[in-house]
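Each structure below appears as structure tokens.
First subunit A sits with subunit B, and in the next complex the same chain sits with subunit C.
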Partner chain A sequence: MLLEVSNINTFYDVFQAVFNVSLTVDTGEVVCLLGRNGAGKTTTLSSIMGLNSPRSGSIKFKEREIAGNKPFQIARTGIRMVPENRLIFSDLTVRENLELGCRNKSGKYRSEKIDKILDLFPRLEGLQYRAAGDLSGGEQQMVTIGRSLMGDPELLLLDELSVGLAPIVIELFKRQIGRLREEKITILLTEQNVLFALDISDRAYVIDKGTIVYEGNVEQLRENKRLMSEFLGV
Partner chain B sequence: MDATGKSKWIVGLAAAVLLIAFPLIIERLTSQYYLYLTVKIMIWALFATSFNLVLGYGGMMSFGHAAFYGAGAYCCALLLVKTACPVWAAALAGPAFAAAIGLVIGYFSVKIKGVFYFATLTLAFSQLFYILVFKWRSLTLGDDGIQGIPVPECISTLESYTNYYYFALVVTAICFYILRRIVQSPFGLILNTLRENAERSTFIGVNAQKHRLIAFVISAFFSGIAGVLLVFLETSLSPDVLKWSNSGEVILMGLLGGMHVFLGPTLGAAIMVLLNSFVTSYSEYWGLCLGLTLVLIVLFFPQGVGGLVHERLEARAKRKTA
Partner chain C sequence: MELDWSIFFAQFISGLCRAMVLFLMASGLTLVFGVMRVINFAHGSFYMLGAYLAYSLTSLFATTPGSFWIALILAPLAVGLLGGLVEYLLLRRIYGKEHLLQILLTYALIFIFGDLVKMLWGVELRIVNMPPILSGFVALAGQEFPVYYFFIIGVGFAVAVGLWLLLRLTTLGKLVRAAAEHRSMVEMLGYNVNGLFTIVFMIATWLGGLAGVVIAPTVRLSLSMDMDIIIECFLVVIIGGLGNIWGALLAALITGELYSLGILVLEKYAMAFLFGLTAVIMILRPSGLLGRGVN
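Showing the complex of A and B:
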């Protein structure tokens, strides 16, 4: 198992946001964590990334305990997170943002990787030397994903990828994630846009009030009308 | 090579020729005082540019950089006056000592979150260092300062500033080349991200504290070199070199010239040194004049003079491409 989260409990000061959450992600899988606003999706991803470490429980990545490590240490193990609020560096150009993703590699290697990213997101080709802060929301999201991919992540955490994006851009991301799947990149994503998430995932977890209430196949979830309406509002 | 690259080369070459020929021009046209002023500009430019690595690139508002400038100067001067240390060794020991002080101050300061606390802590450390030098008379000679620091004859300023000008020019040029390479490297790119948002950079595996500390130590090292150049120029030294006002002046130089342009602080240093020399020869209201200049710059060119020039050049290049 690539990622194994076991019984984590995460707090914001005295407020507990996640209760005994357990989930697993295997190599090459696309797994989604669904739930309503405030259900604990982002907190779970933040716990994995070390932004808000769990007070108890275990998080194993490639069978090594990472709970309690600092975010930069976790990033170096091979996990990259694309947060909801598109963390681009707005003063830097698109190309510089991408280069940051594998800054320790040679210039030739970086150029080759950038070419791959531009192949994945052709829209960025003509915007390479523009300040990233001048791009649209969708383009910024492409830069953030591209930057994460530059570091050859073994696990990509996508937090609310579709928030604030136009339907046409969401469709584009659906295709691009399909390509990432073909390249066997493991993805754990959280989404409020349930139908988008179910279309691109192999397995799903549903979280409500900080507790996992469903775990299984996406098709079974799609057919479970009670779960879909009670916990996901579909 | 494209047109922009070509014009950059031409401007660089013209600047190099002008700088090399400058003492000859000065000797024919006017007094050696202007050569002295130019060396002072170089020293301040080096100090301000190394400081800008911390503020302009790394986003760390240090209010205590005079400590490194002074540490480099005092270490070199004391070794030359109190020991039989060779000049080259003293000149190297200065920046090394400044870097060591930078490591100690930086170790505690980079852990602090928030611009205000960072500025306060660096100011406190630098004032501590100032008081130490001021009070420790047996070692530093306190407020009497150190006089008659021996300087090799080949760069002595007793008869002419020409040799020292070339020495300072070579040292400054080498330091600028290294600093330029640093800010253009992936490390420099990371410094930019830390200025923008340190937390974001952790998502790509950046150890923000470590990078900040490295930048702080590098900056202290080059500030120390500026301090050593000052010692060789003045051949005397007083604790004034460690005063907080010197830390403030490099911030003002960055503001005047532009903190986000590599040569911005150099421009700021030139403006401040020349303005100071001009104003103080006619009036005692140097502070008033500086204040007014700063207000005008901040109100009308918040990106600094260098930033403004850079913007104009970029806009022109874009128009040409279009």
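Showing the complex of A and C:
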């Protein structure tokens, strides 16, 4: 198992946001974590990435315990996160944003990686030397995904990828995530856009009030009208 | 009253000189705030330490030609290393905590370094000799100017260009700019931001130490020199926009000239012009001339 989260409990000061959450992601899988706003999706990803370490429980990546480690240590094990609010470096150019995603590598290696990202997102080709802050929401999202891919992640955490994006852009991301699957990049994503997430995922978890209430394959979830309506508002 | 242009020009050069010293100081102060969100009240102490170390080094190497140049290299380096130690041992413990702790800590450092200077160098005024090559005068537009003025202006502009190159062209500089905007994202890309902060603080204190060495031959070194400059530096940082180095350069040029030319108009109240300008900027543009606004 590539990622194994077991019984984590995560807090914001005294407020507990995640209760005994357990989930697994195997190599090459695309797994989604679904739930309403405030259900605990982002907190779960933040716990894995070390932004808000769990107070108890275990997070194993490639069979090594990473719970409690700092984000930069976790990133160096091969995990990258695309946060919901993108956190684009607006003052830097698109190319500089991408370059920073590739730590401790030669200029030649970086250039080759950037070429691959531009192949994945051709829209960025003509925007390379523009300040990233001047880009549209969809273009910025391409930069943040590209920046994360520059580090050759074994596990990519995508937090609310589709938030604020036009349907046509969401369709584009659907295709590009398909390409990432072909390249055997493992993905754990959170989404409020349930249909988008189910279309691209192999397995799904549903979280509500900080607790996992469903775990299984996406087709079964799609057919479970009660779950879809009660916990996902579909 | 007819304006004497040669006096005006003399004051302009003097203002430029003052502006460059302010910029050397304010650039470090604003860099630390922009990246680390730390208001370093003790920045003046690093400036004072730079000046006193220059005194010791020029005394130690008094018989060696180029003793000032040795001090110009070694003293800021020593101050930068001390800055790194302060960041590693003290500041690192208070990131993300309430600002009051920062103020208490950096304010306490003023007293600690002040007493350290008193213990090591005593209370007597100290003088650093000007290097012979820079101790002459140069005639320009009917006035004579110390060559050292132009040295200070040159150092200021060299540092501005150097900082521009560092921040624009190097990976370190890009990381600094990125961390100033989203520290957590830089960390999520695998960079140790704590290490980056140590480097930033070392650069900032190196700049403070450099300002101290550069100013040393033009003043008498005293225990109050840290506080004498820090308030004006804070005004420069505020006018320029908190965290913006180019804002600090612009504000240093404006305040340096305003003070210097203000003396021509109201000699005793030149400093009031600076406070007046700060008040006007705060009303019209609270985030400073080039600032983007900071929460």
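Keep in mind that, in the parts below, the second predicted complex is superposed on the first by the 233 of 234 C-alpha atoms of A that agree within 3 Å, B and C clash if a C-alpha of one lies under 4 Å from a C-alpha of the other, contacts with A are read in each partner's own complex, and residues count from 1 in each chain.
Going forward, a contact is a pair of C-beta atoms (placed from the backbone, for glycine too) under 8 Å apart; a residue touches a chain by one contact, two chains touch by 3 or more.
Since this is a predicted model, take the numbers as computed values, not measurements.
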Using the superposition on subunit A, tell me whether subunit B and subunit C clash or fit. clash
Quick one: is A:Pro71 in contact with subunit B, with subunit C, with both, or with neither? Answer first, second, both or neither. both
I'd like to know which partner A:Arg147 touches here: subunit B for first, subunit C for second, both or neither. both
Report for A:Glu96: first if it touches subunit B alone, second if subunit C alone, otherwise both or neither. both
Based on the superposed arrangement, let me know which partner A:Pro83 touches: subunit B (first), subunit C (second), both, or neither? both
Looking at the overlay, does A:Val163 come into contact with subunit B only (first), subunit C only (second), both, or neither? neither
So which positions on subunit A get touched by both subunit B and subunit C? 49, 70-72, 75-76, 80-81, 83, 87, 89-92, 96, 99-101, 103, 147-148, 151
If we count contacts the way the header does, which residues on subunit C are in touch with subunit A in the complex? 171, 174-175, 177-178, 181-182, 184-193
Going by the contact rule set out above, which residues of subunit B touch subunit A in the complex? 186, 189-190, 192-193, 195-197, 200-208
In the complex, subunit A touches subunit C at residues 49, 51, 70-72, 75-76, 80-81, 83, 87-92, 96, 99-101, 103, 147-148, 151
Can you tell me which positions in subunit A touch subunit B when the two form their complex? 49, 70-72, 75-76, 80-81, 83, 87, 89-92, 96, 99-101, 103-104, 147-148, 151
